[in-house]
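We call the chains A, B, C and D, going by the order they appear; numbering starts again at 1 in every chain.
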Amino acid sequence: MLFIYERKVNYYETDQMGIVHHSNYIRWLEEARIAWMESLDFPYQILEENGILIPVLGVSCKYVDMVRFGETVKIELEIVKYTPTRFDVEYTIYHGNNTPCTTGSSNHCFINRAGRPVSLKKLLPEAHEVFSKNSRI
Amino acid sequence: MLFIYERKVNYYETDQMGIVHHSNYIRWLEEARIAWMESLDFPYQILEENGILIPVLGVSCKYVDMVRFGETVKIELEIVKYTPTRFDVEYTIYHGNNTPCTTGSSNHCFINRAGRPVSLKKLLPEAHEVFSKNSRI
Amino acid sequence: MLFIYERKVNYYETDQMGIVHHSNYIRWLEEARIAWMESLDFPYQILEENGILIPVLGVSCKYVDMVRFGETVKIELEIVKYTPTRFDVEYTIYHGNNTPCTTGSSNHCFINRAGRPVSLKKLLPEAHEVFSKNSRI
Amino acid sequence: MLFIYERKVNYYETDQMGIVHHSNYIRWLEEARIAWMESLDFPYQILEENGILIPVLGVSCKYVDMVRFGETVKIELEIVKYTPTRFDVEYTIYHGNNTPCTTGSSNHCFINRAGRPVSLKKLLPEAHEVFSKNSRI
């Protein structure tokens, strides 16, 4: 269930090394997650409107090749594991010519506005359906 | 009633031109405003805890000289005008050697969580005192 | 010669006020300028490859209405004045329903890698053509 | 050889969840590395002036507890491994009350302006001394 999100590199995302600053890839992963939910007709806003937040428990990136201003990158995303209280995502970022430049992963849980972990299955069964149908495991 | 806020330039604030990206100065002005309130023993959080938000109505910057990574800049701030519903701020940013590099201004109002304009004088008289005592007009 | 650039609001562009942080609009203006050059088949990179940089001399924004995560905004851009050494841009940002939410302006010059002002007409006549043909004045 | 770097949370670092956006911690780790080098009287700029860049090969963060605007965080940093061509860093971020809120790690190498890996020992022996003396291994 791979999803691909494409985006251009912004000038303000570069640093004085002449490449994209490494912290910005972490933001691209978030963009890709949000685009993924939207592609399933279940935009992230619906979760927040239902009082469910998706904090990031962990994130990691390996930078294999530098990305520069002017490029368009493709971010491939897969939900590799989902349970009603947590999910894990894996990413590969590609240059325009399909050479991989970065790999990443992130871990998430579902909480309510009070910060308590919640079960997506109980609170929003439709969202649970979407996540479980589109997860590798 | 000039207030001076000092801060180092971060590497991630540079862009591929080898200088600080112009959008970051706008963030520095916010840092200076928040440090100013703190210096008066009236931290910004107190306002939000009382349901008062301070949105930015307008902002402007003139970039006279470039700022680079490794520098420490000084941001001079003055509240040039205050009324119970609005205030205006002016800024001059200096290099470490006190040469000015940027000037800026920002305009603000007070609103409640519903987005309605409110009078600081009515809602939080202590904050009103702090603002009016420290404003040029 | 209006140009329109459309983009989605990113989650990481919001702040704890629940709206887009005002500094991010400044970045959107840059995105719009770069998309404008690309739309004219004269991408910004060509200038940097020819040793010409376009620093920002000044920028301003008036925030009329708040923008939130989940929205798609349209940024209308016009080069209102161009001379071979400088140009001025004006912007209006619209909500998806075409209500204006922000207006802005920016001023720019052309410099070489040594930081000296240069004439676009002399250094890159093709770029000069593009700018002058597409400027209001 | 623990080094501690302290910094306030900026308002613009929060998102609409009301907490610091997770991507910003990655930037704080960079701030800590740069402050660490400065504390050893060997500021990062000296490396770049000598044509040596320190790209990030990988980065990871585990978010144990949320950080909010108004807090001052402490970032504890240790160079856990150093060789003349690479080094690894580990971080723990603490709330003001010394409760840990985030752990992180990053991996780096040394390259020249052409992007080729270089030996710090050969190119800048003084820097090699600083790194090897201050690394756990």
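A few comments on the model shown:
Convention: contacts are C-beta pairs under 8 Å (C-beta built on N, C-alpha and C of every residue); 3 or more make two chains touch, one makes a residue touch a chain.
On a predicted model such as this, the values are computed, not experimentally measured, just so you know.
Interface repeat of C-D: among B-C, A-B or B-D, the matching pair is A-B, sharing over half of the residue-numbered contact pairs.
In terms of C-beta pairs in contact, the better-connected of the chain pairs A-D and A-C is A-D.
Between chain A and chain B, the centres computed from C-alpha atoms are 33 Å apart.
Chain centres here are Cα means. That of chain A falls 24 Å from that of chain D. For the pair chain A and chain C, the distance between mean C-alpha positions equals 28 Å.
Residue positions of chain C touching 2 or more other chains, listed in rising order: 11-12, 16-17, 19, 23, 27, 30, 69. Within the complex, the chain C residues that touch chain B are 16-17, 19, 22-24, 26-27, 30, 48, 53, 55-63, 66, 115. Those residues of chain C that touch chain D in the shared complex are 11-12, 14-19, 21, 23, 69. Listed in rising order, the residues of chain D touching chain B in the complex are 10-12, 27, 30-31, 34, 43-45, 69-70.
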